[in-house]
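Common to both upcoming complexes is chain A, partnered first by chain B, then by chain C.
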Partner chain A sequence: MSGATRFHAGIDVETVERIAEERNEPKWLRAKRLDALEALSDLDYPDVIQTPGRTWTNLADLDFEALVEPFDQTEEKDWVADDQATVVPFHEALNDADLEALVKEHFGSVVDPEENRLTALSTALFTTGTVIYVPSNVDAEDVKIRTTMNGTSLFNYTLVVTDQNASVTILERQDTGADAATEERYYSGIVEAAVGENAYVQYGSLQDFDQSTYNYTLKRGVTDTYATLNWIEGNIGSQLTKTGVSTLLEGESSETKIVGAFFGHEDQHFDLDSKVWHRAEHTTADLVTRGVIDDEARSVYEGVQDVGRDAWDTSSYQRENTLMLSDESEADASPKLIINNHDTEASHSATVGQIDQEDLFYMEGRAIPEQAAKNMLVEGFFVPVLEEVEVDELREDLEERIHERLH
Partner chain B sequence: MSSEENLQETDTEARFEFKKEQHSAFQSEKGLTEETIRLISEDKDEPDWMLERRLRALKQYKKMPMPTDWPGQPDLSELDVEEIVPYIRPDVETRGGAENWEDLPDEIQDTFEKLGIPEAEREALSGVGAQYESEVVYQNMQERWEEKGVVFCNMDEAVQEHEELVKQHFMTKCVPASDNKFAALHGAVWSGGSFVYIPEDVTVEMPVQAYFRMNSEGMGQFEHTLIIAEEGSEVHYIEGCSAPKYGTHNLHSGGVEVFVKEDAHVQYSTVQNWSKNTFNLNTKRAIVEENGTMEWVSGSMGSKATMLYPCSILKGRGATDNHITIAFAGEGQDIDTGAKVYHNAPDTKSTIESKSISKDGGRTNYRGLVHIADGAEDSSTSVECDALMFDNESTSDTMPYMEINESKVDVAHEATVGKIGDEDVFYLQSRGLDDDDAKQMIVAGFIEPITEELPIEYAVELNRLIELEMEGSLG
Partner chain C sequence: MATIELKNVHAEVAEGDEQILHGVDLEVKSGEIHALMGPNGSGKSTTSKVIAGHPAYDVTEGDILLHLEADDFDGIDEIPESARTWDLLELEPNERAALGVFLAFQYPAEIEGVTMTNFLRTALNAKLEERDELLFGEDEDEDEDDEADAGYETSPMEGPADEGEVGVAEFQQLLSEKMELLDMDAKFAQRYLNAGFSGGEKKQNEVLQAAILEPTIAVLDEIDSGLDIDRLQDVADGINALRDEQGTGVLQITHYQRILDYVEPDTVHIMLDGEIAMEGGPELAEKLEDKGYDWVREQVYNAA
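Our next item is the complex of A and B:
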């Protein structure tokens, strides 16, 4: 990097007004941005786990604001969808009266913009996003969104709304442009999903930024009666990722799956949390995460299954497995159960270990060279997670990225 | 009559709930000042270094904030340490403990008779210590162990008689006063407790027991237990605790330090039945050397709020830790307990087994930390937590933390939560048991892995306590 001082546009009212003005935003949105900005300094960073003498992810020491260039948010975005579902860039949606009403109704209703300092920052400064709306009884084809980040910082917002009996599978990919400078950059994404009665949403995501990116994302959905919301969370890239994926099971008999796969190497740091709140009767949750860490990479996993007082007849399961390929890597895990209703069947398990020596021995006995055998075992380790992915393209991409990382 | 039958026939509730008039020889003022600490130390005729440690701990206590930011921790807002009387010396002439129950004042003798301690001593124990308020009033050890060099005396006596050992081990390497706010408080006002020293290669075959009784309202009990098990030795130490219930709050903040040397084996068992106005905030820790084994067996039945996480530091290659804990939280109780294990050497092994039962609005939480340090190759840990919930007013939480810095390890954690199976109850009812009996039997089966680790007297005791907790409140 040159010694020249970089100019940072201030994170202030003027900047926020300019972003809103340039996009001709409605008053209500401008007000939300300004509220978030005002709250910023009073808010804390997202919660991270602390044990005696250790902080699992140190966010407070990272100067996120210094990485932010509000007017250097350039990106390329591709959308692929059929015409049954409405998939439009965020600011285009605001030009359509019906869609604007829809956005106004849901914006900030699932993820409170003032939940923490980074969500507030994201709300104040976002310049791009997507609105996905699937009307009643529509079975939409796969929706694909690709975001390629070229600037220093990017704040992205995604809203998914599905009406009764609708169904949609969404695949979101983030990566870094080939021409992007290699200096440190910051990506922040918020995803809100409102899944209607008996609707079905699978939201898959593959994060593959370059390793100078600091990444903060928060995805949260709320389910109506009989609704199903499944998340697939793939993390391959970035220097540091702090990501939260969560479902609020608000409708009776609704279900969720949170499936995670990550593969960290070099000095990458992944902090992932999966959370589910059971708030109605007969709800089901299944949280499955598998990850591999190599070199000096570090992974932090927190899983929370929270069963409310009124969530009768709850089923809630959680599994997390981490494979350590290197002695310098580090894996921290904390699967939590918070149970306030006794009519619950809940369990969780977590394991950390290395490649099974007997498996390796068996394969070497079949004349497979050691390295090849190890690679096969790692690829095999991800199979139970990959099987959950419904979009072939996402599964293939993930497989390919895992394969590349091993070779 | 065998002691088992005797214990079964005794009315357990009456045994714990009786109150005694308070007769004390010396009672400190409420609250904590340097003056109070100096008075306690002077009353005990302590060497200067101990007074200095107390004063330093007091300073640390004043500096440290109350723990309030743990996720889901018990509410400590009703605990006002300034209102607690830290030190009450019962009116006993023989300082350091009588060797015969008959030498004790009638009321104290009567207390322990009702608790069944002398009975248990005759039947099943190598030695017994009994603490009433802040001081140990009775201490006895069978001669054959004394002859082998085993020391079992009260902590205050150890400060005088085994000064070098105590000076070296007391709140230095294992539980320094700076560890947490209540360890600091303990370091400032500690009184009583046991000192156990087992020489090399000596196996104490029958358990050694200490019983702690708080009788006065609004007091704090801060006993300190220091166990040093030399190479190749073996001992099983049991502590029991109880207090009658009063309107104001009592505080129990004990400190336990265990040194398990090479190839030594220590089991530390606790059946805690503090009254439901007691805040039970303890620090218990063991340092385990090469091929040593530490076993923590804890039954937490009583108290208003408990925060207790017995810790093993596996320092030597091949060291082993076993934790078995059971928590039972009824109405108004918040039992936040678990385990901490640091794997700091290769080939170390830990197993943690936790069972919890919550009913009538009680809350149990398993909070545990397993840390595997870089270089602790071929270590393994397995954690199993099972929780049983009786009703919809209760809460059952599980919060494990795993920090793994070494790849050649085997780490597994599992937890389940569920209600009592209707089918199981139905099955037992079809065999002629009524609903209450069926549920009691299921609970007894649920906690059996724990009770079978305890000597029969304690196992019976634990089962009785659970029956008592469950009586009449099922439907």
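Our next item is the complex of A and C:
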């Protein structure tokens, strides 16, 4: 465990106690933090994607000693809430008895803090976050959480809970402050979503950090009967991103979509995985990711559809397409299908390719200059995923970022 | 009166050295309709592609010239004398298109995420802008440079698709008029370019694009294949309108006599083995229908 020692410089019981003390946290949370801290050194880094002959991302090589500064977690956060929903800063939620009970019930129930070394680290050190709660029969729209990171490190936690028949669309976005120092930074975010019976959640994220930021995020949700959980995963910024988005389809007739869009350039590195576990009858999943990489950027995608033994009448679809705009960029994609129940309709596909020369010639034949034609093709390439986005700010900003990157 | 002139054009596949065209001579003038017929593999499609500048083919010998007269472009009083003859082989595909060379594709590309309206307005504005540049050398420093290094420098947000010469409202008007003329459903305007179109709808869409871009010379590669009789009539009306109203010179590549009943050619060229083997009036197409390419081969072979 050579990497383990790196965390120990300044990351100890005293550090965690101080974080909890300063925030006047309840005992149960303190205990979870300390458990995570204790487990830390025995845990492995998150699984990274491996394709034949290649490990794309080596998290153990990151200089966590420099990247992790527990007491330099400055940020600006702003919340836009639909007044139908409860949207409160994490520590404020703990001051409300009902909300505290809600948090206590769900915290760490979807993403085990001890799932891997980085989730444990995040649990031990997080200083900020948001609790979104939508009561029964409430229809809330356009909940927005905007985080601007200013310090060396930021550990963030988001909890989304919806009761029966509730509905909510959410955008959570992260970027880097204009005044942030230029040295390397580390962001770690955990999102847990518990979607109640017949409830609907679309959680969209836009990761728009500057290119000195190393980013680790894990988002996971669990669905009750007839629930729908749709994820939009937008990755534009960061030096390196390791992200996992997943849904546990636990309730009968529940559904999920995991929609991804990414655009890497220069020497950005994206390691993205989407996963769905079908664990009940009549569940449906649709995984769609589209990405573009340019310059020397690298991307690797893995999608897993796991159909359990009791998941009768499963429908599960997966498509991933990566477009490479330069000869120096590298991409791979690995769609996986694990079926333990034969009553399944499923498909999975992935393509990695360059702009179609016939498409390009067709457009040039209509007087559109080559570069403009390429740009139109790239922007058009993202349209099927952008069409899934319900929060306008997310769709428009993604479009704008894509446009900026092309021009 | 514009003329496209192919002189002794030899062409081969760019990757590999398979020669396909062995000296094609062909001339099409404004307002004329030419049919180019020939068996599969004779070089008809390759001819259309080298005219448009497809990168998969290299022209190894010969010329493709576009001759313009002073008043050939609507809206331009006088084309400068220095800009009346163009060596198309020196021009990029989009520049050829800007000068009014239009290729209707045998297999039009399906482009998802780009609506017909957006695409065609962009194309029309690009054509007008590029044409001005070619004729008058304007705007050298501005738009072209932006285009060339459309790279990764910080460039200011340009906002939504730049307006261009033809604005959104004006273009909508133009598009719906042309679609009506071709009996196309208005809903096509908001669909993605050719995505999920039937074969016939794609062909119709090629003619629509020609109607919008008002080409000087239109090369139609098997525009009549895969059309039912009603749509063939619509497409033929569209081609005749191009010739009659815009004075377009049409080079129509076809396998079938059928469309020539609706679009009567002034000249019929028959291609064999990468060369024009025989030429004649409309009656040649009928003769060909009766006697087949073996007859052409015999005639040419015996004559040689």
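Methods note: the second predicted complex is superposed on the first by the 393 of 407 C-alpha atoms of A that agree within 3 Å, B and C clash if a C-alpha of one lies under 4 Å from a C-alpha of the other, contacts with A are read in each partner's own complex, and residues count from 1 in each chain.
Just so it is clear, a residue touches a chain if its C-beta (ideal position, glycine included) is under 8 Å from a C-beta of that chain, and two chains touch if they have at least 3 such contacts.
Quantities reported herein were computed from a predicted structural model and do not represent experimental measurements.
Once the two complexes are overlaid through chain A, chain B and chain C fit side by side, free of any clash as defined at the top of the document. Applying the stated contact rule after C-alpha superposition, one finds that A:Arg309 touches chain B and leaves chain C untouched.
In the superposition on chain A, contact of A:Leu325 is made with chain B only, not with chain C.
When the shared chain is aligned, no partner comes close enough to touch A:Trp277: not chain B, not chain C.
Look at A:Lys336: by the touch rule set out above, it reaches chain B but stays clear of chain C. When the two complexes are overlaid on their common chain A, residue A:Phe126 makes contact with neither chain B nor chain C.
Contact with chain C, but none with chain B, is seen for A:Leu406 once the two complexes are overlaid on the shared chain.
Within the superposed three-chain model, A:Phe381 lies in touch with chain C and out of touch with chain B [touch as defined at top]. When the shared chain is aligned, chain C comes close enough to touch A:Glu364, but chain B does not. Here the smallest spacing between CA atoms of chain B and those of chain C, following superposition, is 10 Å. Common to the chain B and chain C interfaces on chain A is no residue. Those residues of chain A lying in contact with chain B across their complex are 49, 51-52, 54, 56, 309, 312, 322, 324-354.
Considering their complex, residues 72, 369, 371, 374, 387, 389-392, 394-419 of chain B touch chain A. Those residues of chain C that touch chain A in the shared complex are 52-56, 92-94, 97-98, 102-103, 105, 108-109, 111-114, 119-120, 122-124, 126-127, 130, 146-148, 150, 152, 155, 157-158, 192, 209, 213. Those residues of chain A that touch chain C in the complex are listed here as 265-266, 294-295, 356-359, 361-373, 375-377, 379-384, 400, 403-407.
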